[in-house]
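Each of the next two complexes has chain A plus one more chain, namely chain B in the first and chain C in the second.
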Partner chain A sequence: MRVSSETRPNPSGFGHVLLGFLPFRTSALPLHATACYSGEGPAPLRAQCASSAYLCSRGPQRAGAMRDLQLSLNQTQRVRLEAALHELQSLAPAAAAAAAVTVADTIPVNDEDNILKGHGTSDQDGEVVATLCGVVERVNKLVYVRTLRARYKPEVGDIIVGRVIEIAPKRWRLEINFSQDAVLMLSSMSLPDGIQRRRTAVDELNMRSIFEENDVICAEVRGFQHDGSLHLQARSQKYGKLERGQLLIVPAYLVKRRKQHFHHLERYDVDLILGCNGFIWVGEHVVVGENTDKIEDKPALSSEVENFTPLETRKHICRLANAVRVLSALGFTLTVELIIETAEASVSSNVEINAMLGAEFFVHTAEAEAKRRADLLRKKSGAR
Partner chain B sequence: MEYVNPLTGFRVDGRRPNEMRQLKGEIGVVAKADGSALFEMGNTRVIAAVYGPREVQNKGQQVNSKEALVRCEYRMAEFSTGDRRRKPKGDRRSTEISLVIRQTMEASILTHLMPRSQIDIFVQVLQADGGTRSACINAATLALADAGIPMRDIVTSCSAGYLCSIPLLDLNYIEDSAGGPDVTVGILAKMDKVTLLQMDAKLPMDTFENVMELAIEGCKAIANYIREVLLENTKQLECQRG
Partner chain C sequence: MKPGSKAGTPAARAGTQGKIPDTSSRGRDQKNPKNHHANSAAAVVQQSTSGPRRSESSFWMPLINNLLKKSLVPVVIFCFSKNRCDKSADSMFGADLTSNSEKSEIRLFCDKAFSRLKGSDRNLPQVVGIQSLLRRGIGVHHAGLLPIVKEVVEMLFCRGVIKVLFSTETFAMGVNAPARTVVFDSLRKFDGKEHRKLLPGEYIQMAGRAGRRGLDNIGTVIVMCRDEIPEESDLKNLIVGKPTRLESQFRLTYTMILHLLRVEELKVEDMLKRSFAEFHAQKNLPEKEKLLLQMLCQPTKTIDCIKGEPTIEEYYEMALEAEAHRESITEAIMQLHSSQQFLTPGRLVVVKSKSDDDHLLGVIVKTPSAALKQYIILVLTGDCMSSAIVPSSSNQNEKESGDFKQGYFVIPKGKRGMEDEYFSSVSTRKSSGVINIKLPYKGDASGMGFEVRAIENKEIMSICTSKIKIDQVRLLEDPSQTVYSKTVQMLIKEQPDGNKYPAALDAIKDLKMKDMLLVENYHAYQRLLKKMSENKCHGCIKLKEHIALMKEQKKYKDQLNELKYQMSDEALQQMPEFQGRIDVLKEIHYIDSDLVVQLKGRVACEMNSGEELISTECLLENQLDDLEPEEAVAIMSALVFQQRNTSEPSLTPKLADARKRIYDTAIRLGNLQREFKVPVDPEEYARDHLKFGLVEVVYEWAKGTPFADICELTDVSEGLIVRTIVRLDETCREFRNAASIMGNSALYKKMETASNAIKRDIVFAASLYITGI
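Right after this comes the complex of A and B.
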């Protein structure tokens, strides 16, 4: 049975408050409504020739700031948030803002002949024109446009987290944040008993006992198939089914490729997996190599006396998950240090776990990040 | 009824014949969608959500496996017009406009870069005051750009009419229901190519050229506005990312 991606069930959502739909000019006036829509009668737009189109002045759209969380901020909070975002904008290197392009913008190039036109560019009338909204990156002779909110762009060797949507002959199909579903072959998956052998027909019939639909799996990108979809492998012990935790979906551009994607936070006894595709797993720590023990234990547990995750661990999981939610709503790059710092800031300011998704903590996190980046910049310029 | 006052030259809502209604575009209104936008032209409000590129849901619909499949659905909310609408989705007008928007956007999306995938564009009219087709196309452009789907150019659309022997830009509902000609033009702004041209009623050829020119100018003004909105959004995301 195929579960469509819209009806993705939410695992163990303790403290998970997804505030979904948009407000229609409610009295709370969320931040992404235009600041300067004066609301007095229609001030019409004169249609003159395109080069000098006159538009009535419009304040900057704070659209990106609050895409996922719909918060009602009171006046002081709004002012503080504006100040923090403004500071972040001024701290960002000016080159980044200057290199932003939208669709059909011409990209200035010096060396017309030898330029390699990469992703997001196209050649129109001899000019290099952007086909995406993003930031122009130049590497030697290569010019390309790096998008922000697009889908995940896979590379071989990436660690990803995905959800099973279908079991097909000898393979599982996973939903990752890509234009096609990824395929995990039965032969690319280590068997429960750990023996290396040929997969038989019995193994194929027992695929469901390994992974079922809607299971969350961690795997690695092995390569691309001929039709462009991904081939995954999960042979090592650290890959496989993820249980007892929360799956969070953030835009893929917030997760940078690093050396380490598996993080074991000893203080909280929590595993944090930052999938390169924007799927982030926060869950109870699993000791790697416990697989063989599990198989022997199962027949012994006749009545359903399972060992539940302790309450403290669950609270830590929820705190970290909410920290990830707040950071992704603000659009900050997710690193382990930042997530831990945000979670600890919430503990030190005595913010309740479910209040972490509220307006006050949101504004506080934005200010803390602005301060952190300012300090970093000062340190860098001071060291120089 | 006089749609253009002969003494002052104002239209029913106080605009001049070559003036557009107030524009407002906002990105990121539907959290779950890959790209979304809210676009307003005066009192006409339209929301667009784009999902994609993602796995093709219905393999039977996939005609060409080297290109992405673009699907579009246009609906009007039941509360969008004065009288509550009975059939928001299945009626002929909605089907026709869905097809029109799909063809317009497909002309601009670089579908060969995303083979074997599907792009869904859902547009819903929240308030209808004339020019819903144009507002939908503009909203869809914003949403597609927000979703990071490669496009040849920004597609914008505007309508123009001819009442009381004067070409009027951006008709609202009252002027639209006057029964005069209504030309809707959709262009690729920078490449200066027309992707959509529709007209109701009849017009003599030379008048038609004037009206179409006026609509194209309106489209270019919208394109400038859309470009500003997108640029501001991109800069902001990049700055916040760190």
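Right after this comes the complex of A and C.
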């Protein structure tokens, strides 16, 4: 059961949670999200959770395929959560809220400076009208609507995590949460032998030895071809198959483009990949680059030992994954700092891994975030 | 003049016999519509710098005839300007170098090749002109030709039916078409900036075209001597000279930075490191790394302090600081007028010793004069040569000053002899200021070593209050042992206790130092000295040893830091410029503060054919909005056209307006870049990247005017017009992509229309190489 995600845009990036808790709200915030609200009646005490843990092939985490976050809040928790969410709402910059539009809203423009109409805008009887829900952005003369909760839209250079769904001649097709499947050509993939050469028919036959169906892989967006199809590339050691970890699927808008999307959390010996498409990988750290060759050179080490992930690491993976789940359920933008912070908080307050998805920690995280943002704001205004 | 050329066209086409030359060559000469007499006259004028000479035709014909006789054709004649190529070819109106069968082959080939052109294009003066030339076995090849004409000439030349080809340097570069003979019209060329001699590399590239593999045993290279014969040394340098050094042409562009910033894979710094410009610096990197590792591994000698807590580091810092203070103060003191009064012969001074760990007491023997600008000072060197027990500390002292020591130990007893040798001619004159001893003069008297040296005034550490009586004449002019020993004894007497010096003059009270800063400095120095004396290390017997150690360590640390710096990204040559460019990009919101590429940056990434910043700003300021597609594409031509000096185009008011807007944008961007210390001159930046020479031409072309007519509008050669319009199509595509990134469908459509408007006829005729003939 999900509340429609294309509802009222909220610049602070957590509005949908408010919607999720609509039934037990009294009469706070004015909601005029009627146009596209298609919730299936009042939502019961249940947080919308877009994150779903996928079963990963050969992964140690043989978790259930889909898992929604079930929450039952008691009276105190409900009040605390409401207070926290309210504070978050009040902390959101007013300017962003003012620039938020829904479909058919008129975007105020100055007629004199001939504006350039960008995405999500249309001309209606001489007025510029929004055709998407989102925030109006202005760059020089360009006016466009930045959607807040749209499907993933790839840009060149994005790092994405995807799942192989088909092997076609010379290419793999990947599900990446885009409106179409992405294509990874055999030729834009560095071969296991690491030699730069033309791909032969033999290579083509051996494609399954590189990636099979249902493999989770990481790649970079190369660009759109002339026919409009999306091409990926994986010409680097750090791209490729992801094993021994968890794939989490969160709404794509929760991952912002950053300088770094690959993170090696040394403290936990865990790799965290925040795919721009909302696929997040938490897995055991793999050594990339020249070191892998050395490891391959090493004889012995039976495959059993090699495939073994220490219990400690597995626990770390679960803890981080659950942190991501909680944060995405709350609708907070996922940054590596926030994920670590949340995981740390769970450790320091002695919350078991499985209890992390419970109501108490959920409320606790919301409060912590509200406090953090308030501090940040205070610091900022203090600096001014 | 145009009707004339037009009329000449059919005649040339009709003439199967290439021996009727005049009308045909006139036809192709439409750009410079002169008849042949005018042509040769122009040639004479052009050559007037190198003296008057015969007309072109009579110049080339004997050579060609000679080559034909010796069967040294085909020949490529390199002229270094398009104009000269054309004129030389035109001047050969009397020549017919082909047989009948070759003529028909050429004719067939040309007809087939040019059949792909549409009606009026087939009658372009250049197309018609080249055909008449080709039929006679003469070819022309330079950048001003239409691409299709160039291809026809190249292909015919490779078939061997063209006997003489006048060409610019371009023919030696891209095309693989060797000849039997290569002729250099001149050994100087204009390279866009200056008239200069050919470089050895260029010469070899061109001369290398002589001799066809599998056909000729020998290739012949002929250098034409016009009126002056080139110097032998020049020729030698040209033919066997050293090739030009390879220099990195790596340019840091905004597009490159943006492209690298949007992928996580590669840092921009890595890219800079891999450029050829950094090659030499980076080549040594592994060695440096090794050295660094070695240095890091080196165990640092620890100073074991005998007094427990080691404060030597602190002490060393203080000593360094004190030294710096002292230098500035003494320098100032020596400048003081009052101090000059004290620095008279007989004054006791403390002098900095060479081995810098101890200071010496001395007496001024002679003050600076016009001849010698230094003080002559007799100092006590502290130990006695003849004494058997040499204090260990001063022993070390001498070890450090190498030459000093040698003189010291080798000649101890032979001093007398030395004296005799050097000072036999004793001057009788009194106080004439002549110095008859060799400086530094060393000796010992009454158990104390002494030395007479000449020193700079900055070596004087302090001036003492006391004064002694000295015999200047006896000391310098007529050195006598007794006087020396007397002086030394007096000096020793002044030393109240072995190592201490007599009281120094107070800088403020006695020398009347007034400068505020200096006084403060002086106090700071005094305080430091006091602190130093309070430090545990002061007076420690191992002080000297430890100070030396500290010095070593300091040097080592500095070295280490230097190495680390060299290996870091900051040492890259282009780093400052890169930083500047990053700041510019941030300022105009192409990237955010975390260096994540923003929408504007993504638009700029699409712009490859024109200057990325100007293109992007022009788009985002919506400058193309009120323009028709034809006008828009005309303005965009400024971004891709590359010739500097052209005739001024006549523009419609709307176009002139648009031109001003984009020019202002460029100036604004130029100013911004200069603000952020990117080496850019706004005016030059705008002029370099926006060249409006073809705006009118492209506008007319996009409106559907035939090619023959648009050529009339400008003095830019046909080949360049075609090249510019072809590139312009690329720009249209980029602008279209940018429009789709921004989500503006109107602009997208406009660019599509513009692209279709310019994509027609001769400009986009398919290459003969690709489609085949």
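Methods note: the second predicted complex is superposed on the first by the 293 of 384 C-alpha atoms of A that agree within 3 Å, B and C clash if a C-alpha of one lies under 4 Å from a C-alpha of the other, contacts with A are read in each partner's own complex, and residues count from 1 in each chain.
Heads up, the rule we're going with is that contacts are C-beta pairs under 8 Å (C-beta built on N, C-alpha and C of every residue); 3 or more make two chains touch, one makes a residue touch a chain.
Since the model is a prediction, treat every value here as computed from it, not as a measurement.
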(request) Mind telling me which of the two, chain B or chain C, contacts the most residues of chain A? (result) B
(message) Looking at A:283 after the superposition, I want to know if it touches chain B, chain C, both of them or none. Which is it: first, second, both, neither?
(response) neither
(request) Examine A:275 and indicate which partner it touches, taking first as chain B and second as chain C; both and neither are also allowed. (result) neither
(request) Answer with first, second, both or neither: which of chain B and chain C does A:257 touch in the superposed model? (result) second
(request) Applying the touch criterion given at the start, work out whether A:132 contacts chain B, chain C, both or neither, answering first, second, both or neither. (result) first
(request) Name the contact category of A:358: first (chain B only), second (chain C only), both, or neither. (result) neither
(request) Name the contact category of A:120: first (chain B only), second (chain C only), both, or neither. (result) both
(message) Applying the document's definition of touch, where does A:140 land relative to chain B and chain C: first, second, both, or neither?
(response) second
(request) Have a look at where A:157 lands relative to chain B and chain C in the superposition and call it first, second, both or neither. (result) second
(message) So in the superposed three-chain picture, is A:240 touching just chain B, just chain C, both, or none of them (first/second/both/neither)?
(response) neither
(request) Jot down the residues of chain A that show up as touching in both complexes, chain B in one and chain C in the other. (result) 120
(request) State the interface residues of chain C toward chain A in the complex, per the touch definition above. (result) 262-265, 589, 594-600, 602, 605, 617, 619-622, 625-626, 742-744, 746-747
(message) Can you tell me which positions in chain B touch chain A when the two form their complex?
(response) 13-16, 18-32, 34-35, 38, 42, 47, 52-55, 57, 65, 68, 110, 114-117, 126, 145-154, 169, 188-191, 214, 217-218, 220-221, 223-225, 227-242
(message) Can you tell me which positions in chain A touch chain C when the two form their complex?
(response) 114-121, 137, 139-142, 144, 155-157, 159, 220, 236, 257-262
(request) Using the touch rule from the top, collect the residues of chain A that touch chain B in their complex. (result) 4-6, 20-22, 24, 32-34, 37, 41-50, 53, 55-56, 58, 60-65, 67-68, 85, 88-89, 91-92, 96-97, 100-105, 120, 122, 124, 129, 131-135, 147-151, 175, 179-181, 227-229, 253-254, 330-333, 369, 373
